[in-house]
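Encoded as structure tokens, here's the structure I'll be asking about.
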Amino acid sequence: MSPALTSRKLVTIICEAELEALLVPELARHGARGYTLTEARGQGARGVRDGAWRASSNIRIEVLCDATVAERLVDMLQARFYADYGIVVFVVDAAVLRPGKF
Amino acid sequence: MPFEPVILFFLLGLLAALVRSDLKIPGVVYEALSIFLLLAIGLKGGVELARHDVLDLALPALVVVGVAMVIPLACFPILLRLGRLPRADAASIAAHYGSVSVVTFAVASSFLATRDVPADGYMTVFLALLELPALLVGVFLARRGQGQVQWSTLLHEVLAGKSIVLLAGGLLIGWIAGPEGIKPLDRLFFDLFKGMLAFFLLEMGLVAAGRLADLRRAGPFLVAFAVGAPVCAGLLGLLTAGMLDFSVGNAVLLATLYASASYIAAPAAMRIAVPEANPALSIGAALGITFPFNLMAGIPLYYWLAVHMNGAFS
Amino acid sequence: MPFEPVILFFLLGLLAALVRSDLKIPGVVYEALSIFLLLAIGLKGGVELARHDVLDLALPALVVVGVAMVIPLACFPILLRLGRLPRADAASIAAHYGSVSVVTFAVASSFLATRDVPADGYMTVFLALLELPALLVGVFLARRGQGQVQWSTLLHEVLAGKSIVLLAGGLLIGWIAGPEGIKPLDRLFFDLFKGMLAFFLLEMGLVAAGRLADLRRAGPFLVAFAVGAPVCAGLLGLLTAGMLDFSVGNAVLLATLYASASYIAAPAAMRIAVPEANPALSIGAALGITFPFNLMAGIPLYYWLAVHMNGAFS
Amino acid sequence: MPFEPVILFFLLGLLAALVRSDLKIPGVVYEALSIFLLLAIGLKGGVELARHDVLDLALPALVVVGVAMVIPLACFPILLRLGRLPRADAASIAAHYGSVSVVTFAVASSFLATRDVPADGYMTVFLALLELPALLVGVFLARRGQGQVQWSTLLHEVLAGKSIVLLAGGLLIGWIAGPEGIKPLDRLFFDLFKGMLAFFLLEMGLVAAGRLADLRRAGPFLVAFAVGAPVCAGLLGLLTAGMLDFSVGNAVLLATLYASASYIAAPAAMRIAVPEANPALSIGAALGITFPFNLMAGIPLYYWLAVHMNGAFS
Amino acid sequence: MSPALTSRKLVTIICEAELEALLVPELARHGARGYTLTEARGQGARGVRDGAWRASSNIRIEVLCDATVAERLVDMLQARFYADYGIVVFVVDAAVLRPGKF
Amino acid sequence: MSPALTSRKLVTIICEAELEALLVPELARHGARGYTLTEARGQGARGVRDGAWRASSNIRIEVLCDATVAERLVDMLQARFYADYGIVVFVVDAAVLRPGKF
């Protein structure tokens, strides 16, 4: 790792597109300083989501943050969304520049 | 032909999905077309509204919306008791069937136009008005006695949802600008309307086919419901239309509105307000069965009934 | 003008790519336009087909498809021996040139319309029929003696591919609905056709320019082939048309079909059935050279020949 | 109505954003519509250009472009001194206001057409010519004395940018093909123009609302500038038009060009050539304030002035 | 790592869009319980793929799975697709909730 | 890790879409042998970027490369773009097939 880089967490959330309006505001409320969103489709336990219309589209959200915020996000997502929505979350170690930003 | 030619596009979409064609209409085209259709329907209604006194609509509107509330209230116990569905699912499906489908309305208008049956432009106002109330009823049914509904979030979700904004916005623009002001836009919004509807129905066929698959696990009760409910609601629409002294054309449109099930506003609203309801059931029934049923059999049936209930309509 | 004005849009696309403009037409617009064009061509053909006895087409269809098979069978040894291309590439390119290009066909129809040369709507049927067989020949040539072709996958890929589904679906809808049923759709599918074609050609120019770059590594043989093959195939088309007693308009369309090289169905099919073939070669030749050649020189040439082979055509 | 009905679509977009509607027009639809509008404006200008001697335009063009350079040169010191903006921001904003907005021009044309005020098609040539020079002035102002500008990158970015390529390409195609050659494309590019403009303005409303939010941090000076600058530039346009003996219609169009601020070419160019300038300021002012101001108040004002400065215009 | 999280593998596949119909069914056949797909473009040894049309578009597929399935997927992809198609595969360690799902 | 896999770096860059023409050529110039790009939107210190038009869209670029190139890329991005543009970069360890390719 380059000396310029600091270790942070990358939290990736894959979920139903219609969750966007509900979920995104929660991120900031739990300490995320930003996020990146791409449109996606896929398949899982709830069947194929082929992206043909909004109701069968997914979104993929990435949040770079420190370990504390990552844990807070994961707990919040589990508590609020896991029971009722198609959602997958995973966390990866990432090295970032400007650690103060995340 | 007993049905509208545009329906052939829907069948082509279904067929393409059935043979597992690689034909895919990009999601953004679906979005763009639905924006176009909502706006065009609103504009058309607004232009014709300019020719009427809006206040004359107040009383019929009240009746039309009031009677429509019977639909979710009647569907709910049937789904709960007969269908043995969980309360959340029963309420969510009831909300879908109480609300309305814009595209079904458009196909019915098109069906009447092909047969030169006149209908009034202000029916669009009822379309816009009928979208929301059944959703509130559905949420109320799901949550009765279990408190904690974020009504403001829900109201915002629906009232600021794209279908209300575009329908009501189109109505308003058409009303303000009037036939003269809108004329230069006719080429896009009116002349191309039916072609765009055909294109959209092709997509709907592809989408509906996928929803049918979802429904497979749901069992025969829901399939029977998805055919029976629109027929009963359509009859209720004809009776209400008779009571309000509607013309045959308007009666068919009202029957279609009552008979149709929402698959734009309702799914989005229920996903937020009643998240534990399984969207595969409600969308599967509304879009996989009721939508094609209305297109191919329902609308001709309501028309046939309206014509043969003569005397009832002016 | 010796060529169709719509071609200017293709040149603009080429030019934009050449000066490395940031002009980019989103991929979904390309998708949407190609769906529109395929459907519109099918509908137009279907409506006109309703005016003919379909059985009368059976014999000419057999001849047209049978003779067309000469094209991949003749191209293959030339590419293999003269071009010293690997067997897979030779077979794949042969398949591309044996199959047909829908947009080239559309430009030829447009060219004839501008000059008031009549042509029959049922030529679209040949367009749909010619798409598949050459692909089968190509796969057979690639795999001869080396077994193991998943014919069923291949057949499904092509027959359920979007170009066949939309062309055949459009033909069927046009045929069932007839001129009267389709009329409300004319404003979208027929009146806007040429404008949409222009828009699409702009995109094709951008795409073709990228393919030209791919081709650069391929050397002069393939470039010569990409010009020589359409001319020979076009002549074969004119001869066949003469044999079948076609009108001048139909003859030009058949020559164009034979001369054109597929860049929708063929690349997708070859990628799956002959994956070791390099798509840069086949698409580069078909789209980078043959497509613009046919637009700018080929179609006028086949027309000139058809007119001057008078006596041959009815 | 004092303003064009199409503007109601812009207001609907603004309103939708204000009530935080989920109405979103996909980015690719925005792209596709802007390509359509640029091409259509170019084509229309080109067709009408075919009716004039192009050389007659050389002198007015020189004057129009020359005088227009006054705009960024006058804006810069005001923004720098009065507005106390950093040099890079002052220069970038000056460049935006010196360049032109294609959609504002289209609305002004539409405004004149509704009132049957004739205007010449060759005004599109000035639209294309006015895009670039102010950007060069802006970069020069930002970099004066601090060397190191990649002029070639900048020139390429703008000259090969999509707005110049499509406007100039459309002009050329229209000019070469002439009214006859273009006629089959009229249905798409001319008949649908106003409807597409309405649709695009709906999107612009959604986009502009977002930019207004950006602007909130900027303070009252920039807001005042974004209203004052177009009025002054519009007056300059009317004076120049009087000097060049323009008709009332042409005068209004020139005033609108001067008064409008670029939000396509300028932001992209400034982001590359003056990256330290904050795009939220320049785009916020140009799109959040000046664009709606011109649509709703500016264009009617320039028209009113042009009519009342009678004697000045032929 | 939060105690709620378990370690899994994230297999990412970048390949020609036209491979979708061929490749996606293989994932389930080799043990994947789901996947997420986004549209992409890019550049590699086979030149620029600019996304202007399907034939020059890429797709980006992510599969969360355990190490065994990951290995099986990587082997399958190498055996079936590497020779003839533009394809890139990489594997990252990811921490997931609900490990039973993957 | 499967024996077939070798360790490399995955450099992910999230930035303004309008940076594409400027940034992408730099990747190859600093040793990247390929890249993958997806369209994105998001939010950060510079406000919401909702993807409604090009000027408020983001792109997400991935580069697989060895540690040396990764470091070179990170340094270049920091030097050239961090001051003036909305840009986020992070680096993750990834296991790849065909290590010679990256």
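By written order: A, B, C, D, E and F. Residues from 1 in each chain.
Quick note on the criterion: a contact is a pair of C-beta atoms (placed from the backbone, for glycine too) under 8 Å apart; a residue touches a chain by one contact, two chains touch by 3 or more.
The shown structure was predicted, so the numbers you read here are calculated from the model rather than taken from an experiment.
Trainee: Hop distance check: subunit A to subunit D, minimum number of steps through touching chains?
Mentor: 2
Trainee: What chains, if any, are shared contacts of subunit B and subunit F?
Mentor: A, D
Trainee: Is it true that over half of the residue numbers where subunit E touches subunit F are used by both copies, so same, or is it different?
Mentor: different
Trainee: Report the inter-chain centroid distance for subunit C and subunit D in whole angstrom, where each centroid is the mean of the CA atoms.
Mentor: Centre-to-centre distance between subunit C and subunit D: 41 Å.
Trainee: Please compute the C-alpha centroid of subunit D, do the same for subunit E, then give the distance between them in whole Å.
Mentor: Chain centres of subunit D and subunit E, defined by C-alpha means, are spaced 46 Å apart.
Trainee: Roughly how far is subunit A from subunit F, going centre to centre by Cα mean, in whole Å?
Mentor: Once rounded, the distance between the two centres reads 19 Å.
Trainee: At least two other chains touched by the same residue of subunit F: list those residues.
Mentor: Counting only residues that touch two or more other chains, subunit F contributes 21, 38-39, 92-93.
Trainee: Listing for subunit B: what residues touch at least two other chains?
Mentor: Within subunit B, residues 22, 24-25, 28, 31, 157, 192, 268 contact more than one other chain.
Trainee: Give every touching pair of chains, nothing left out.
Mentor: A-B, A-E, A-F, B-C, B-D, C-D, C-E, D-F, E-F
Trainee: Can you name the residues of subunit F that touch subunit D in the complex?
Mentor: Touch list, subunit F to subunit D: 16, 18-19, 21-22, 39, 46-48, 50-57, 83-85.
Trainee: Looking at the complex, which residues from subunit D come into contact with subunit C?
Mentor: For this pair, the touching residues of subunit D are 28, 31-32, 35-36, 39, 156-157, 159-162, 165-166, 169, 172-173, 176-177, 181-182, 184-189, 192, 268.
Trainee: So in the complex, which bits of subunit D are touching subunit F?
Mentor: Per the stated touch rule, the residues are 24-25, 27, 30-31, 157, 203, 206-207, 210, 213-214, 263, 267-268, 271-272, 275-276, 279-280, 283.
Trainee: Per the contact definition, I'd like the list of subunit A residues that touch subunit F in the complex.
Mentor: Going by the criterion above, the answer is residues 1-2, 4-5, 8, 10, 24, 28, 33-39, 62, 64, 92-98, 101.
Trainee: Within their complex, state which residues of subunit E touch subunit F.
Mentor: Touching subunit F from subunit E are residues 12, 14, 38-45, 58, 60, 70-71, 74-75, 77-78, 82, 88-93.
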